[in-house]
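Chain IDs A, B, C and D follow the sequence of writing; residue 1 opens each chain.
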Amino acid sequence: MDLFDFKDGREGYYGQFGGSFLPEILTATVEELKACFHECKKDPSFWAEYEQLMHQYSGRPTPVTYLPNLSKQLGGAQIYVKREDLNHTGSHKINNVMGQGLICQRLGKKRVIAETGAGQHGFATATMAAKFGFDCKIYMGEVDVKRQRPNVFWMENLGAEVVAVQDGQRTLKDAINECMRDWVSNMADTHYVLGTACGPHPFPEMVSYFQSIIGMEANRQIKELTGGRLPDKVFACVGGGSNAMGIFQGFFDDDVELIGCEAGGLGPGLGKHAARLAYSDASVGVAQGFKTFFLQNDDGNMLETQSVAAGLDYIGINPIFAYLWEQGRVRFEAATNEEVRETLKLVMKTEGLIPALESTHAFAKAVEEAPKMGKDEIILINQSGRGDKDIFTVADALDDAHWREFIKEKAAQYES
Amino acid sequence: MDLFDFKDGREGYYGQFGGSFLPEILTATVEELKACFHECKKDPSFWAEYEQLMHQYSGRPTPVTYLPNLSKQLGGAQIYVKREDLNHTGSHKINNVMGQGLICQRLGKKRVIAETGAGQHGFATATMAAKFGFDCKIYMGEVDVKRQRPNVFWMENLGAEVVAVQDGQRTLKDAINECMRDWVSNMADTHYVLGTACGPHPFPEMVSYFQSIIGMEANRQIKELTGGRLPDKVFACVGGGSNAMGIFQGFFDDDVELIGCEAGGLGPGLGKHAARLAYSDASVGVAQGFKTFFLQNDDGNMLETQSVAAGLDYIGINPIFAYLWEQGRVRFEAATNEEVRETLKLVMKTEGLIPALESTHAFAKAVEEAPKMGKDEIILINQSGRGDKDIFTVADALDDAHWREFIKEKAAQYES
Amino acid sequence: MSLKDYIAERKAIRTPLVMTHVVCGYPSFEDNMKELEIMNAHGVDFVELQFPFSEPSADGPLFVKANQESVDSGTTVAQCFDFMAEVTKRFDFKVLMMGYYNTCFKMGHDNFIKRLKEAGGCGYILPDLPIEEADELHALSKQADLTPVILMTPTNTDARLAQLGAASQDLVYCVARKGVTGSKTEMNQEVITFLERCRQATDVALGVGFGVSAKEDIDFIAEYGDIAIIGTAALKAWEVGREEGLHRFFESLGL
Amino acid sequence: MSLKDYIAERKAIRTPLVMTHVVCGYPSFEDNMKELEIMNAHGVDFVELQFPFSEPSADGPLFVKANQESVDSGTTVAQCFDFMAEVTKRFDFKVLMMGYYNTCFKMGHDNFIKRLKEAGGCGYILPDLPIEEADELHALSKQADLTPVILMTPTNTDARLAQLGAASQDLVYCVARKGVTGSKTEMNQEVITFLERCRQATDVALGVGFGVSAKEDIDFIAEYGDIAIIGTAALKAWEVGREEGLHRFFESLGL
C-alpha cells in the first residue's frame, strides 16, 4: 500500500481527506517545502543521514520489550511494547523534529517555529534547534503553559522563546493558529515544524515519513523476538496521529489489525472527549489547513475537547487516518480518563514501565482486548513516550496526597 | 589490568582499600552472594542473558554522540558523550540494578532492599523489582525524601515501599545504615541491592562488573566514530564511583587519561563539598562495610557533605578509585556548584542535551580542559543520567522565577 | 447591474473606491449596524461582513479577539445571513461575505451560495481557500452571479499571479504585505512593484488591503490600485471612540 | 587476675553473670555515671562503654539515637577514654570498650590498645570487625593482655563457629537472633540449639545478648549460657524513669 502515490490533481489527498487550505501568501513557501522534501525522499543518502542522526543523537533503534508479567496476568495474548519512550527527550516527537531539522537546513532557513500542547513537541523542537543552531520560538496556549510548566522550563533553558498564546481556548489549536500567523509573516527565513501528521500537505506525508522509522524497526524487531511472526494487533494512541502512523506503516501490507486509540475523556458527548473517529461526535470539516474529521458544531466552529492526556487533546485527526478508517483498514477505539488511570497503575506495577498518559491510551485498549485473545496471539503496543516528564499531570490524575503536600511545602519555602 | 584478580588472602582488596567489614551475622549471606556472583561471572551465558535484558528492556547499547557545536565553541578537543541518560529510568543506575536482579533471582530471593540518595538508584531498583516481581523496600533519608519527592512518587507507584530514614543527617549514608539494619534482620529472603561501587566486597566488584557494559560499548563506539582512534581523555562524575568505573573499564589498558570528577560543592573546606580525592579533606577510614577515603573528623566520625548534585553527595569513594588514584592511574578533579550551573546552561543551549546535575560535573571539567587541547584530540564524557528528572533541583539551582510562580500557583490550587 | 459596472460607475465618482470590514456580532449586531450607518454616511462602496470563526488563523490580534468574542457570545451563521439581508436592504454599498472556508464547507457549497444570494451579498472572500480547491464553488458562484474575491500576495510568482488573475473576476484583493491583518503597512516602492505585477496579471479592479489606515494610504491606492480596503484601523477607531471615533477616523482619511 | 579467672570467680557467686551497656556521653557523662552506680549496686560483672560513632549500622533505633546525640553534642574519643579511666578506678566490674572499628582504625591499632589499657579496660567489642581483618589487632591485644570479644551468630555454620571459637579468648558474644539491638528475643528452642552449637565451638564463656530484658531471659541464660548481656532494655528503663526506673528494672530481673 503506497498512501503517498497520489493520483494526478489529488496530491496531498487521502480519499476525500487532506489537501492544503492555506492563505495564498504561503503558496510559494509550501511549494518550496514540498519540492525539498520530495527531493530528500527520493535520495537514499538523505534517509541514511537521518537514520545515523537518530542513531547517534537519540539512541535509535529503540527496543521492543516483551511484557511477560502483564501477558501472564491478563491470561491472553503475548504483549510486546515498542519503546519510543527511550528516545532522547522522551517521546517519538524527536523522530519528526530531527527530520524536519535536516529539511530546514537544506532549505537554508535559520529559524524554526512550532506549536505545542503537552509540551513534548515543543521540547523536542527546542532540542533540535539547539542542536542545529536555529533560532526557535514555541507557541503554546496559555492554559498549557500553566499546566505544563516543566516543559516550558526546559524549552527556555534549551534556548527557545516560549510564547503563551492568549487566544481562543488558549490550548493546542490556538497555538497552531498562532504559528500560522508567525509563518505568514516570516516564511522567508522560517520553517514551521508542525508536530503531528496533521495540517496542510506535505505535513501529513512528511511527518509520517519520518515517523515510519518506528514501524520499520518494529516489524524487524518483533519478528526477531517471536521467531519470524508478526503481531496480530498493533495498538497506538492517536492525537494528531503521528506515532500511530509511525508504527502502523510497518504493518500496512501485512495481515495485522491496527487499532488507533483516541482520548475518550469523560466518555461520549460533545465537548467531553477528543475522540474524532471512535465516537460519533465529529464531522468532516476544513480547518488549520486541511480537511478531516473535526470536533465541531453545526456552524463549523470547533468544540472544546477534554482529555487527561494533553497530547491527545486535539480537535482534528490526521487525514490519512480519516481515510483508512473509512476504508476499514484501521479500527478506532477510545479510552476514557478513568481507564487510563487504572491502566497506568497496572503497567507501572507489573512491568516497571511508565508510559506517558497519551501512550497509556494504547495500553488501556490492549489490556482490554488481550484477555479475549489466545495465548499464542501477539499484541504490539507503541509506547510513544514516557510519563515521568508529566509528573504534575500524573500526580493529579492519580490524586496523590503526598505530592500535594510536597508542592505546598515547596511553595511555602519559595514564599519565605 | 585485571583489578579483580585478587592475591590470596586479599580478596576484595584494591591495594590497601576495600575489604568487607560487616557484622558477623551477614557472613553466610555475603559468602553466598560472592559464590553466586562469581559463578555468574564465569558463565558466559549469564553475561549474554544480562546483555539481552539490557538491550530489550533498557535500550542498550546507548549511543555515543558527537558534540560539534560545543567542540567548536570551545575551540579545542573534539567532544563525544556516552549517553547513559537514554537508559530506561534515565541513568546508568539501571545497569547495576538489572544485573543484581538476575543475581537475586538466582539466589532464589523474593525481596530486595536499597538505599537511595538522589532517588535514581531507588527509582531503578523499584523498576527492577516490578519487572522481576520482587517485594521492594527503599530506604531514603528524610531530607532526601523531602527534596526528591518526584522520585519517591514514582517508586511508590512502581510498587515499592519508601521509608524515610530519620537518623543521622537523614541523607544517603543514613539510608545505607538503615539498609544494613534491614539486611541483618531479613537476609534469608532479602537481597541488598547496593547502588554504587562502594560497600563491602563483593559489591564494588559486582557493581563495576555490571557497569563495565558502558566502557565496553564506548570503546567500540568511539573507534567507530573516529576511524579507530581512542579518546585522549575520559571524564566521568564520581559519587560512589559506579558510572565512572563503568566507562573507565573500557580504557584501563589503553593510553587514555581518566579523570574522575567529584562534587566540589562550595569549594575546599571541611563540610563544604563531597570531594574525597580532589581536595585534601578526606582520610582513610572504615565505615559502611569497607575501607577507603572518607570525609571524616579526627575521631573517625563522618562529616556533613555538600553538593548541588544529591547523587554525588556521599562521604566515601569506591575503594578501587582510592587505589587507582594512589597509583596515579586516575586523576581526580572537583567541580563546584557554580561551575556546574554554568556548564549545564552551556550544554543545554549548545547541544540540546540535559545532563543530570551529577553528570554535569564531568562536563564541567571537560569544558575546562577542552580549550587547552588540540583540535585533533578527543574527549569522551560519560553522561551518567538525564537532568529532566531533577527539575526541582535544577530549577532551584538555576534560580528560576517562573518556576517558583508555577509552584506557588499549583500550591494555591491544592489549598482550595 | 453587474459588479464590474458598479465598480466602473463608482470609480467615476471617487477614486479609490473604499471597502470596509465588520465582524458580525462583535461587539453586537446593533453596534455593527451603527458602524455601517457611519460607513455608509462616508460613502463606502463595499463592506465585508466577516462571519466569525473559531480558528481565525489569518487574522491579527484585534480581529482574532472579535471573532472569538462573537463566537463565544453565540453568534450563528444563520444570524449572520439574516443580518446581511437586513444590511443589503438598508444600504446601497455592496456587501461581501468574508470568512474562513469551513463556514461554507460545513453548510455545503450549494447552500452557501443560495443563502448568500438570498441575503443580497455580491460575493465572498475566503482567505484559506486556494484556487486549486475552489473549482466547484467558483462554478456555482458563476451560475449565481456571485464574485469570489481572490487574494494576490507579494510572495506569489508572476506565473502564480497570472493563474490567480485568470481565476478572478470583477476585483482581486491584493495583500500589501506578509503577515496577518492589523499592523501598518508602509506603502513604498516594494508595494508599488507588487501592484504593478498584479496589474500585469489581471484586468479586474485591484483592492489593496492589510494595514490601510491613513490618508496617505488612500492617496497611494488612488494612484496604484482601485479599491482601498480598510480593516483593523476602522475597528480600532470604533473601539477607542465608538460612533464619534469612527466618524472622525473616516474624516481623517478624507472620506 | 586474668579475665578467665575473673569469670570463674564471679560465676561461683552468681549465675549467669551480667553485662550491661552504656553509650558514652548519652544523655551525658554525668548520667552515665549515675547509671553505672546503679548497675554496680545491682552487682553487674561487666559493662560495655560504647564509644559513639556517626554510623552505628548494627544498632537499633534507641542506640542509634544515643550514638547520634552523643556525637552531635561533641563527645570525643578522648573523653570516652578519660571516662573509662574514671569508671575503672571507681568500680569493681570489668569494663569493655564497645564501638565500631573506625574509631580504633582512625587512631591506629597501637594507640587504641595503649589507651584502652591505660584506661583500665579489659577488652573490646567491635561488631563490624570480622576476624579476617583482625589479625594485627588481636596480636597486639594478646601482648597487652586485652580480650577481643568475638561475636557468634545463628546464621554461622558450624565450621564458621569453630573458626570464631578458635579466635576467641575468655568470652564470646552470642547474638541470640538476627537483626539489630533493641527488640525482644523469644528465648526458644532455636536459641537453645544455637547456644549448644556455640558451646560445641568454644570453651570460653558464652555471653548472650540481643533483646535480653526480663527475668525469664536471665533464667534462660543461666541454664544455656554464662553471661546475660543487657543492652537496650536498661537504657529504655533509664529513659522512662531515670535512677528509679533503672533500679526497678534490675530488681525486676532479680538482680
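We adopt the following convention: a residue touches a chain if its C-beta (ideal position, glycine included) is under 8 Å from a C-beta of that chain, and two chains touch if they have at least 3 such contacts.
Since the structure is predicted, the reported quantities are computational estimates derived from the model, not experimental observations.
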Key: Set of chains adjacent to chain C and to chain D   = none
Query = Among the chains, which one keeps its Cα centre farthest from the Cα centre of chain B?
reply = C
Note = Cα centroid separation, chain A vs chain B, in Å, comes to 34
Remark   = Note: chain C sits from chain A at a C-alpha centroid distance in Å of 38
Task = Let me have the rounded angstrom distance from the C-alpha centre of chain B over to the C-alpha centre of chain C, please.
result = 66
Ask   = Can you give the whole-Å distance between the Cα centres of chain A and chain D?
value = 66
Key: Where chain B touches two or more other chains, by residue   = none
Ask   = Counting only residues that touch at least 2 other chains, which ones in chain D make the list?
value = none
Query = Which word fits the touch map of the chains here: line, ring, star, complete or other?
reply = line
Request  = State which pairs of chains touch, listing all of them.
outcome  = A-B, A-C, B-D
Task = Would you pull the chain D residues touching chain B in the complex into a rising list?
result = 52-61, 64-65, 68, 71, 76-77, 100-103, 105-107, 127-130, 132-133, 150-157, 160, 164, 175, 178-180
Ask   = So in the complex, which bits of chain B are touching chain D?
value = 19-29, 167-168, 173, 176-177, 180-181, 184-188, 283, 285-289, 291, 296, 298-302
Remark   = Counting only contacts in the complex, chain B reaches chain A at residues 55-59, 62-66, 69, 83, 85-88, 90, 126-131, 133, 146, 149-150, 152-154, 156-159, 225, 345, 348-352, 354, 388-389, 391-392, 395, 398, 400, 402-404, 406-412, 414-415
